[in-house]
Every structure is written in C-alpha cells, then in structure tokens.
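Chain naming follows the written order as A, B, C, D and E, and within any one chain the residues start at number 1.
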C-alpha cells in the first residue's frame, strides 16, 4: 500500500492541481495572503475607529481659526469651503470608496490640504522616520549585541557590573523623558549644541542631493532623535543579548571551538554571537514595526519631520485620510518586518527553512 | 497463549502531523500484551517504540486500526470503566529528570493519585501507603525521601519514585520506556530486578522498551522480544528463540553488531556489514520492505515491491516479516 | 486597594495580631523571629487593617513555628521501619506541621529574595514606594488647592525652588510638590497594576486555552493576537482614549490590557505547549489526575516565575503607556497623579524655569525609579519561585 | 529700482506646515493663511489699510483713500497708483475684484454685508451693501489682503461668469469650480508687500521670507529677510531661551515668561482680546437658574483666578458686562456703566441667593435642594491649554470650597467645543470676548457663537436667545446683538450695546472670569526700534492687528546694530 | 609497549562549589603509549570528563588544577609539560598534538555554519591553508566512510547523528595528532551506527597510528577496542591494566562489581548484580577505600585505611585491600 501511494504521489506532481496545491502551500504564497488579509483587517478596523473620534476636520478648523482671533462667522465661512469633506456621508459609503481607491493603490487626498495626496505626504515624511528610527534601532541593536556579548563573555568583571547596572537604569526610562532631558540639559542648560540648528530633518538652505554636505546635515539633524532612541532601547537589547549569550556560552560547540584553538574573535563572532543573536532577531522585527508608530512624542520635541510628527498633526486636525494612510504604512511595516524577520532568521540559521514552516 | 490479552493492537497505524507534513510513524502493528508477561520492544531510535508504548498505555490513539483493552475497544467502556482501564496501564518514562514535577515533593507526587482515586481513607492511611510504596521500590528509609524534592535525589532514586508512582493506582501493565537507559550501569540491574519482583508480586505485565539488546535479553529472557524497524515490527517471538536464532536480516545485523562486555567474545564476533549506513527518513520510507536498501540479503524484484507481513518462517520459532524467509527461500548475500 | 490607609484601628488590630507570633516566639525561645513577626503584623495591620493583619498572623506564625519545629522530630520521618511509625497524627499536629512547612517555604522565598543583590535593591525600591504611598499620608498632608498666601512679594508665579520648608519646591498653584509625589503614585501604580493583572490574566487564560485545546480555538486565538499585534498600537490607544472618555482609570487599565496581552499570550502558549509535553504531565494523564490538577498543580507551578516576571513587565509597559497618553493630552486621571504632574509641569513651562525644574523632574524621577525597581525585582522573582532552591518541606 | 536688500534678519516663529501640505494658494487650507497666519501674511499681501486701535483710525497701505459713498449704499476705496506686484505688474482694481470674486466663491463672510464688488476705474473699487452700511463691513473691507490677479485671474474670471448665470453655491458647477480652486497650486507667490518666498524657502525648522524690491514698502523695511521658526510653544521655548529668536507670538506660560525676563529678554504685553469664561449648560438644572449663576459669579475670586490662569498676564474681569473691560468705557454709555453689578466676592450674598431658590447646605456642607439634589456637576476643560486648564481648576476649587460639588475632567482640546456644540456637558470653560472694536462681536462670543450660530440639531449652551428671560418677560437677545453695530451712528450703537450689556450683567448667562494678555518675548539684541511701554500702538492686540506688522513695514523696527 | 606519549603524574583537580571543593580528579597517574588505546570506565559522575578536560586544560573557571604533571612527548622526542604551556602555546598545542571527540556529538558542531567553515577555522588556527585543510578533510571524510563533497558543504543539521559523530572524528584527526581523546563518542547513537563508527575507528587507528584515550561507561565497547583499561571511581583510578587482565583477572572489587552488572548478549541466562547505593559525595568522600560503603567484600580495614597501590605483572596496577578475593571470585565465575 505504501509503495503504491508513494509512486502515485510522484506522478501527481505534474498535474495542475498538484502544482496549485504546491503553490498554495508554498511559503511565499501563504505569507503574502496572510499579510494582505491582516493588512485589510487592520485597515478596516482603523477606518471605522478614527471616524469615531470626536470632532471632524471642519469643526476643528473653525475652533483653530477662532483661537487665532477670527470671529465665528469668518471662521465658519472659511472652514466650510476649505475641505472637500462631507461629514454627513454614511461611513460605510466612505469606506467602500476608500477601499476601492486603495485597491488601485490610491491612498486618497489629504482632507486638510486639498490637492495634496496622502502618498505624497507619506513619501515626504516616511524617509525621515526611517532614517532616524532605522539608524537608532540599528545602532542600539548592534551596540547592544556587542555590549551584551562582551559582558557575558567577561562576566563578573568590572565591565559587566557597570554595563549591566547602566543598562538596567536605561531600560527603566521612557524615550520621551530622554528627549526632554537632552534638550533641556544638553541644549538649554549646558549649551552643548545650538537648539535651533539641531531641529528639523536637514538644514533649510541645503540643496537636496547626494552631496557630502547634504548627508552631513541629515546626520547632524538626526543625531538627537537617534540618541534618544538609542538611549531608550539599548538597555533592553544589551540585557537580552547578555542572557542569550550566557545560554550560548554553555553550549558544547563553544568549548570544542576553544579546544580547536580558534582565535577568540572568531569564536566570539561566528560561534557565540551568531547563535546568541538568533532569538533576538524576531524581537528586532517586532520593534521595527512598533517604533514607527511610537515616535510621535519624540519627533514632536525635536520638530523632526517624520511620520509621527505628521501623524500628530493629522490626528489633531482630524485629517482622516492622512491618518488612515499613516496607519496603513505602520501596519504594512509590521507585516513586512515580520516577514523580514523570518527571512533573516532563515538566513542566519540554516536549520530554519521557510518552506517547512 | 490462550489467555485473554490485556491489550491487543490490530493493524494499528499512527501518524503525526508536523508542520503540514504527515509523518507515518507506525504502520500495521499487530501486537498482543498478555497479563504478567514481559515483552521487550527493541529497535533503533525513531523506529516507533515509544509511540507503540504510548498506544499500549492508551496515551495515544491509533490513527487507524483497532486497539482492544481486555478484549474491548475503549469506546465500548463507560466513563468510569475507561478511567479504570487507563489507570491499569502505566508508563514509566526514560528521563528521571523530566518525569517528576520539580515543584512537588515525593510525598505529594505519590499522594496525589492516591487521594484522587480514593485509594486511601484519611491522612494516616495516606502516609502509611506512601511509606509502603517507597519501601516497595527499595527507597529506604522512606522518611528520608518523602519530603524531598526530585532534584534532591539521584537518577536511580528518581526512577524508583517513578515506578512507585505508577504503582499507586494498582496497574496491570507497566510500559517502561527506556526506563533504565539514563541511570547508571551499576544500578540498572537493581532496578530491573526490582521490576521483576514487582511483576511477580502484583501480577504485572511489563512492556520494556529499550535499544540495548543485551539488556533486553537479560530482562526478557523468559518473555518475548519484538524488533521494530521504521514503524513496523519485523520480528517477534520468544527472547530465547530470537537471540539464539535470529531470522530477519535486520535482527541478525543488530545482534552481530552489539559489542559484548567480554574481550574475547566481542573480538571474535563477525559483524554483518550492511549495504548502507543511512537510515531512511520516515517521510520517505522505501517501498516494499523498508529495510531493503540496507539489507545485505536484498533480492531485487521481491523485497522492493511488496510489504512483507509477519509470519512464521520455516525453521524458526518466531514470526518474522521477510518475504524471502517466509516463502522458504534461503537468504543469499546481495550481488552474489 | 489601600483604602484603609493607616488608621489607629489598624494599628490596634496589628498589635493584637502580632501578639501571637511574639508569644510563641517567647515561649519556645525563638525571640528573634517572634519579634520580627510581631513587627510585621503591627505594620501590615497598620497599613491595611484586618486585610493586612490577619493574613500576616498566619504568615508570621508559620515562620515562627518553622523555627520551633526544626528541633522537633517528625514522627513520620524519624523512624527506621514501618512498625515503629505512628501514622496517626492529630489535626493539631497536622496543622502545626503544615504551618512549619509554609514557614519554611516563606523563609526559602525570603532567602531567594536576599540572594540576588540587584533583585533585593529592586524589592527595597518597591517597598519604598509602597511605604511612601501607604504611610506617607500620615506624615504629609495633601495639598490640592491653590495656595495664594504663599505668593512671594513681586513674584509673578507661585512656583518656588526647593527650600527647607518645601524640599522639592512649590508647583504652579503654590502647592508642596512633596505632597503630590507622596499621593500621586497611588493612582498610577494601581492602574498599572490593574492593567498588568488583567493583561497577564487574559494572556495566561487564552495562552493556556490555545495550547491545551488546540485546533480551532488555538487558531482563533492566534488570529486575534496577530490582528491586535498588527494594529498600530500607540495611535490606536490615542484614538480609543478619546473615544471612550475614561470616567475612571479602570477603563484605561482594561483598554491597556486588551491591547497588550498578545505578546505574553504567545509566550505562555509556547510555554504551556512545552510543559504539556513534559513527561510528568504525561504521567499525570496516565494516572488520570484530571484536567484541573494538571493545569493547576503540574503546569501552573512551573510557569509561575515566568508569569510573575511577565506580570512585572506588563505593569511596566502599562505605566509607560499611561504616562505616554498623559503626555499626548489624554489625561483621564485626576490629581494627584505623577503623570498629571508631568503634564501640568510641561504645560506650565516648568521645564524651562529654574524654579520649576524640580516640579518637572520629580515625577519623572519617581516613575523611572519605580520602573527600575520593578526591573531589578524580577531577578529576585526568578530565585523566589525556583523550586530547586526551596529546601525541604 | 535696482536697490539691494537690507542687511538684517527678523527671527520670528510661526507653526507653519511642511510641504507638501504647504502651498501658496490663499484660498485653501495649508496656504498663506495657515503658513503665515494673520501676523505675517500681510507682509506679503498687503491689505488696503491698517487699523490703529488707540485712536480708532486707519492708516493707508495699498489704498490711498476710502470711505462710504454719499448715500451710504456703498463703500469705495481707491488704490495707490504706484503700488506694484513683485512680478512688475501694478496693483489695481482688477486685483481687488479677483480677490473678492474668489472670496465669494469660497464663501467669505464679507458677503453677508456686501452684494457686489464693482470696478469703478483702474484704481477705484466700489462695494455695494446688501442692507444698511456698517462700520463693521468697512473694517472687513479695509483689512482684507488683496491677492494678485496674475495668479488667480483666470479662476476669478470663471467665478464671475458663474455668478452671472445665477447659480447658487449648492450647484454642481459652483462646487466643481470650488474644488478646482482649492486644488490650484500657484508656482510663485506674487507679493505686493516687501517679502515673498518660494517653497524652496520652507525648511523643516524654519522658513524664510525674502525681500523683494517692487513693493511700495520695499525701501522702507529694514530687514532683508524674515526667518520664521516652526513650532508650537514647547518646541520654540528652547529657541527663545537660547537667544535664537527676535520675537515670538506663541503663548508662553508665565513660568517660562519669568525665565525669559531672567534671561534679559524684553516682554511686551499687549491685549489678546479674550479670556476664559465659565459656561453653563442651560438645559441642565440648576444652571438655568439665574440665582445659581449669580451665586457662582459671586464666589469666584476673579483676581486669584486670573493669577492662576496666566500669572500677571491675566486680569480679573471687572465690569462683568460681556464686553472686554478695556472696551467698556468706549462702547457703553456712562449710565449703564454705573448700573453694572461688579459681582464683588461675597459669600453671604451668594448664600442668600441660593437660599432664595430653595437650597441649603447639607451635612457635608454641600448645597442641596429640598429633594437632596446637590449642586454637583462635571466640568470639562481643554487639557492642552494651560491657561484655561488653570482657570478651570481654580474656579472649581473655589466653588467647591463654597459648597458646590464639581468634578474636573480634562479632555483633548478638540473635544471641548465638540461637547459644547452637542450640549453634552454640564459646566465648561471657553473663551469670551473678541479683539474687535465692535460691541456686537464681543457679545457674539460666547452668546451667539455657542447657540444661534450652531446647526439646528446642536443644542450648544441651551440659552433661549430669541426668548431670553429678562425682568419677568422675554426679549430677543439674538436680534438685539445683531442690531448693535448696524448703521453709522456711533451713539445709537452705544445705547443698543448698553441694553445688551445690562441684560448680560444682570442674568449672567455665563461668567466671564478674566481677560488674558499676550506677554510676548522680544530679544533686544536682535532688534531695534521697539515701542516704549505705554506707547499707544501697544493697544493694538496680538493677531491680525499686531503692531510688529506695521512697524516692520514702515521700517520702525530694524536689526540691532 | 613502545614509547610513552602522554604521561600523567599525580594529577588532582577540584571544582569550587557552593558547599565546598568537589575533588573530581584525585591523584591520577597513568601512561599512554604510542598507538595504544586506553579506555577509562566508571560510573557517571566519577570524574571521567573532568579528567579529560584537565588533560586539555579546558576547565571552567571554577576549577583548579591542584597538583600533578602532564608530560607529553612530541614526535620529535621533545618533552613538555602541558600544565606549563602558555595560553598561546596551548592553543597551538591542542588539536595538533592532542585532539578530542566530545561527549554528545549533537552539540559539538556549531549549528549555524557549514562543516567546511569549521574545517577551515581549525586549519587556519594552526597555520594550514584553505586548500590544505580542504584536502586533508576530504581525505579523512573518505576514510570515515562519508560522502566527502556532500558532507563538506553541509550544515550540521543536515547530517544524521552517526554522520556527525564521524565528522567530529575526522575533524579531530585533521591535524594528525598523536593522541585523540574520546569522551563517550557512541553513547547517543544507534547500535548499527555505533558498530560502523567502531569499525571506522579501528581502521583509522591501524592506518594513522594514533593513541586513543577512550572514555566510556559501556564496558562492552571498552572490551572491544581498548588495549588497556582503567577503572575510575570517585575521582581516582582504582585499577589499570591490560584489557584481558582486567576483564578476566580483575583485582579491584569495584571492577568486579561493574563486570557483574554488565549483561552479555551471547551468554544465555546470566546472574547479574548491581552495585547498591550511589557514588560517594566528592566533596566529603568517605574515609579509607572510597568504595567500601557499597562493596560487598568490605571489611573493617576498608573503612579506615586507604588501600595501597600494588602492581601485578608489571602493568596491572590496583588499589584494593581484597584483591585476592576479587581475583578468586572472578575466576570461579569464568570457570562455571
């Protein structure tokens, strides 16, 4: 019986259905479908959610104008025609229209800046978040790994005690506190840098381009937010890496490698480091997704033109379409970074094969 | 043996679904376990010994085929009876470190089943029973043991606790899954002897799972051995018959490969060379006789075509699953 | 939770509760544990009245009994053979024995607490905040109203820098910042703990269910957690916070819990899946000990340290989120509250004023210290719940 | 003229938006109105005239002369003939017509008063009134910046064509054109003022307005560029502190202002034109009872409340007449002023009032009626506005000390007006008064703003404006307010304002707590030419009539040497 | 026998534990000759692995070598004391002179890099070029009956347990050391795989002529491949001698008990005995002969006096008070 079934299953592989079955079972297919479904669900959820927010773009605008000293009459008349938004349209109808556009890759126009597409806005602001958050995460992850390995390898030493204590302290403080403290202490009190010059994403009078000056300016401006992100997250990475490394150090292959006379560097990197970082990769991916949405407060303090900054503005003015677009970006980022984590894990760890997962 | 078997496995198949791949672990197992007998399951790692043991102990269900307990299927019993039947089949695990909950004292470990199944009345009787059980498995003085946590005991002591725990519910059958392979050589025999004693005392049947043939031989000298290969039983019969006169090529290879604790004996042994060292994966079991790619007596066109069934071969007392043998042919080395 | 904060009645209750361990200690010459037991009863009675005193009687008496019991031979464990053993024991003896074992467990746990230096410092930190919120009000009066009379001649605000009279200075309303630090932790801490408890509960329940039941339930729970994990959390919280208009902080705790369980749920599920496969669980199944026993006695005790640690992390995360929400202008909490202090000091520009900087920093420091204590404390938790370190019953 | 830009730079702040949200279309959100605000926009696009508050007069900007026509049915302005746009074309009547054509299309409030904008000759434009002429309309006309025909002409022409056909603004054609106008993105910002900018000048942290030579003010101004730093209060504070900024229009909390003073910055205090008022929901008992409201007014110490609101930058309300105290003298007749109840702090009088409507203190010291209903309520306030939040918390504390039972709830600021509109509140705080020389506008906020100006399904404050109970009868308060500033007879307007003021004063439909001043930091190391304290120009409030606008244009302000 | 390669003299080592010093290796002396296979047998926890780690100085930081000499003679006759080597010197020395195959092949290979990388790493650390390493490795893979090219490119998880064990063997021989230490190299593998590894090992030994220090608790394997057997108990070598001597004429009660506890496959029904009790605490070992508490031959003298070391037939070294009784008993058993 077994003989027959194996033989026939080999024949099957050529039929159309078998191929279809293989496709539906393949990693890529599954991941893509799952990702799309998740994104759709999350999008739908947020769509209805944000329309439950009190106030709508028009009334918010009126109140803003009046805050600037316009009379109600003026403010209302101005605001009423400012936006192409009909608050009385049924939400379901809005949703269907939105979804239809989304399927065509159209994120719609910003409500509070008629004529500007949400994609334009996202293209404008996303890179800055990516630069700052990405670099921050990269630095804190790599530095945390390095420190973690080091203090685990020389555990019990002075370095270990100092770094562990410091990491514990750092991991106990929220990021926005770092943002405030950096500005206040380093900027205003100690005057270590010029607060004004450090704001924004790049110097205003620099030509955008692939020039040294431009890049230097980007780095300079991203410095403070990056420092904030690094300070806020490095402790956790260091401590996690430490415990992961300690676990790895107990493995036989490390002892064998030592006995084989390998250089300490080689052992530390290819044998300890690579194995110890495996459990951290998944967590790295999760954080990538989350920092995008978590940077609201920090970006606000540094006037950093990232997605969080724009999101805060959009929420404040109830710019539904922009909010929706940014939420979509964040959702996609979470989904994509999870996939990336899988890929990275399968690249780092040959035991993981995606097809089987 | 005309006795009513305790457990009967009729054409049992078992497979596991792992990451969307179906792994056929057991195929077409026919096996009876009789009261008070010793049955040894031997075979290489991953051949399905534990799975068989768990099916016997009703810890796992068969995917296909019938399992009868006392002649009836589990489903035919009512709730109460089922619980009783379950309890009559106990399993002793291989790893004495993992089989005792580190959070409980030995007294608690033994006390829970006693209390749960109302085997005792009152605290005094509970303590008396625990005492008896510990004495029974040679953990004396019991007072030293009851209040200890598992991590405070040695491996051998823990294994004894496991056995005592199995005894709390008055079982009829104990499946000892590699019960001594993780305890020290020097104390293995002690535990095995104790198992034998308990068997006599309580009329127990013991299914002894091991990969150590010498140990199997020692323990089941009066009983039976079933040799498994890739999810099938390839040979089953009285221990003495199999050891003296192994039929299946796989059994022969095994027996010839085992080193002996005696320099003269072991250096004189002639191992039967296999055609390949590679064990096929369960997901790609060779067609026909699963052993044929490695079998030194492989007969093309016979062995790789149809699956052999257990049957008595001429000249052998035991049952074996080898087509050439059961059809009365002589085994000739492949290629000659 | 601390509703019966430090009353005289509590003190009396605590005093009488403490007499039992003290008396026992004196009678059996275990003076030191007796006195410690007395003090523990006194303090906990003082802090929480009946709710603190009575449980503490049991705990402290057990500890004292465990010291006394060391010298007595257990008839059960001391004899060599079956015939000599007297298996009968009176209920009283039984209770005493059980108490001794409870006492020993407590002692083992406190040893675990002391073993890790960092963890112990964390514990002290937590205790500091607990004592501050519970007993602080005895010493320091809460100032909720504006104190116009503290306006100094010519001053344009009521802000004052630290002085002997007001060690942390005065806030914008001229109120003593110390009083707000002392009173302001309660709400935040309790809300965070509520959120932590709920999210841990949800995570543990759903995680265990998913792992134990498997199949469709498992898939549904996993899908739900995936979904929650992919929704952008922080903005979502922001939106929900303004939609739900929290009337009490409990709602906020619920919301935080609902959003934060998935990560822990996954871990618990994995944990239960692996525990489920443990041999001793299988043994319990063959012994037919029942599902309840398997979950509560076999699986749970081995997860407790993991759960406890994750509970701490959940509390931390909740506190982060609450303060973050406050900073974004969702301030569902009313004064006194550290988060609101940060908010107020920020809107009043205290960060940029030499007079106000302590107002701005005090709550931040308080929160950071509390969080740090929590983190450090997790190290001790591991030791406390490690059964390997518990010696004998 | 081939002259060079002046040397200096003005450092200001404004929370402008970043591209791509930032654009140059004055008729859409995200355009100059948003990005330059009412302070800086007129430095790019001049209005016909600038208003001086101290003597109620206009000084010319684009216009040369202005005034009502003889019969009063129209208003006429004549533009200066030498005014030029930055692209070289002249500022003429066509620009005005264009400005208003699109204004009408986008629904400007000027068209509540004017009917038609007629080009008389190249430099003269006539505005025809719908009804009676009014001084209010005059101000609207004179203070509206004029946009360039070169930029908007095409759309204006189409708008005018559309108006010819007689369709109204609900029609598809109208909406289609409106959408087109909204989405229009001018490439160049054509300026009549001495400054202009391109989108390249908009940076993440500041934008730069650059000098251009063609304006009538170009040779007067002393700054070669205006640098506007982005950001709201919290992110600009460090900049002010580090001396980066010459002047900021942001609202800084008093503690920060105090620090500014310590840093050597000059603080100039000018009117802001509003203050916090305690608002009642009239649909919720007992807040519809005049005695209760009066009692409330009596037991809040308004000076203390002002101090908590904004330190020395707020003044407790004195006259309680619904008109900003600074304007009471000029807007009301003296006999009315004498009759006004000042609601001095008086617990006994308040207690008597409450007892007169059946309240007494219960055992907890809380006021309760015969059925035991206490005077309890929830008070919502905007969390982000430190001043309003402070005022609320203080008022609540004071009321509770007297025996009310009020709980506070902070909300994101956007939610407070939303709740007011929907009538879903009991007590709250929002602004009262307005920086306007017209009494009607003072009364408008909050009386009309939160009642008659709302949609039909929005209960707002629940005040019966058209049947307002007063002295045992009802009056149409709404109409009374609307009529105040009609016509050109100033004395009659005073009388009418007086009647309303008395009603407000005696019935306390809301409690005007205090008036907030704008304490603005100026860095004298960066600028020169600031007015001395007490200079009449400092009566100009912040915002649209901010004095720096006038001083920059006329070159009074210049860089510090 | 020919010249001595490794001479261990009075080696003692202990671990620092919470309760005190764990004397895991106690005054151990033996000589390992060129081409000789020395098997060390003993119960779990008796210090076999600790001895091994001490020889190559790969002990954890909590361990301390207290005394002794490890004299090693290089091929060119140069003699050195391993304990005196500098860190650098040791790095060069290990693997090129002494290499080892660790207990538990599963974990001895880095799971995330290819076998080839591990080969290159090892080669590079000892000055071999990539090409040389590769050539050597492929050659050795061939010798241990692996498919060289496939294995060379594989990741560890792609290989079966037996293959991994052989890879480790090949890796150990990469630099042609004189001595290979093997710590239970076949415990975790199946009988047939174990057989093939043993065959490979024998072949390699014949071809490459290296000495083996073989650590095992399996008497049978020791019986099969060892030239000399050393019995270890509680950190001490209690008996050492040629394999036939030790198996057929043992002189230590512990060795005798071990032999009594080892089942043999081809012997039929046997009477076996386990050793009662468990190995002594290495922190506070018993006085006198450390085995006396578990020894059925023990007399008073055993409890007080440490038995002297006695040498029989020139190379059979024993320390047991009752060596004569032992010898007699065993001979009786063999006779029967």
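Here is the rule we go by: a residue touches a chain if its C-beta (ideal position, glycine included) is under 8 Å from a C-beta of that chain, and two chains touch if they have at least 3 such contacts.
For clarity, every value in this text was computed on a predicted model and none was experimentally measured.
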Fill in: Required steps from chain B to chain E (each step between touching chains, minimum)
1
Discussion item. For this structure, which two chains share the highest number of contact pairs?
Written reply: A-D
Practice prompt. Report the inter-chain centroid distance for chain C and chain E in whole angstrom, where each centroid is the mean of the CA atoms.
Written response: 53
Discussion item. Between chain A and chain E, what distance separates the C-alpha centroids? Give it in angstrom.
Written reply: 54
Discussion item. Can you work out the whole-Å distance between the CA centroids of chain B and chain C?
Written reply: 49
Worksheet item: How far is the middle of chain B from the middle of chain D, if each middle is the mean of its Cα atoms, in Å?
Response: 90
Fill in: Multi-partner residues of chain D (each touching 2 or more other chains)
234, 238, 241, 413, 415
Item to complete: Would you give the residues of chain C that are in contact with at least 2 other chains, written as numbers and ranges?
Response: 242, 351-352
Practice prompt. Give the residues of chain B that touch two or more other chains, as numbers and ranges in rising order.
Written response: none
Worksheet entry | Touching residues on chain A, where the partner in the complex is chain C | 38-39, 41-42, 45-46, 49-50, 52-54, 165, 168-169, 171-174, 176-177, 180, 184, 188, 286, 289-290, 292-294, 296-297, 311-312, 315, 323, 326-327, 330-331, 334-335
Worksheet, complete the sentence: Within their complex, chain C touches chain D through residues 144-146, 148, 151, 156-157, 159, 172-173, 242, 245, 329-331, 334, 343-344, 346-356
Fill in: Partner chain E, residues of chain B touching it in the complex
44-45, 154-157, 184-191, 193, 211, 213-215, 217-218, 221, 243, 253-255, 257-267, 271, 274, 277-279
Item to complete: Over in the complex, which chain C residues touch chain A? Could you list them?
Response: 118, 226-227, 229-236, 238-240, 242-243, 263, 316, 320, 323-324, 327-328, 351-352, 364, 367-369, 371-372, 374-376
Fill in: chain A partner contacts - residues on chain D that touch it in the complex
17-21, 23, 25, 28-30, 33, 37-38, 105-109, 112, 178-179, 182-185, 201-208, 229-231, 234-235, 238-239, 241-242, 244, 273-274, 413-415, 417-419, 421, 431, 434-436, 441, 444-445, 448-449, 453, 541-544
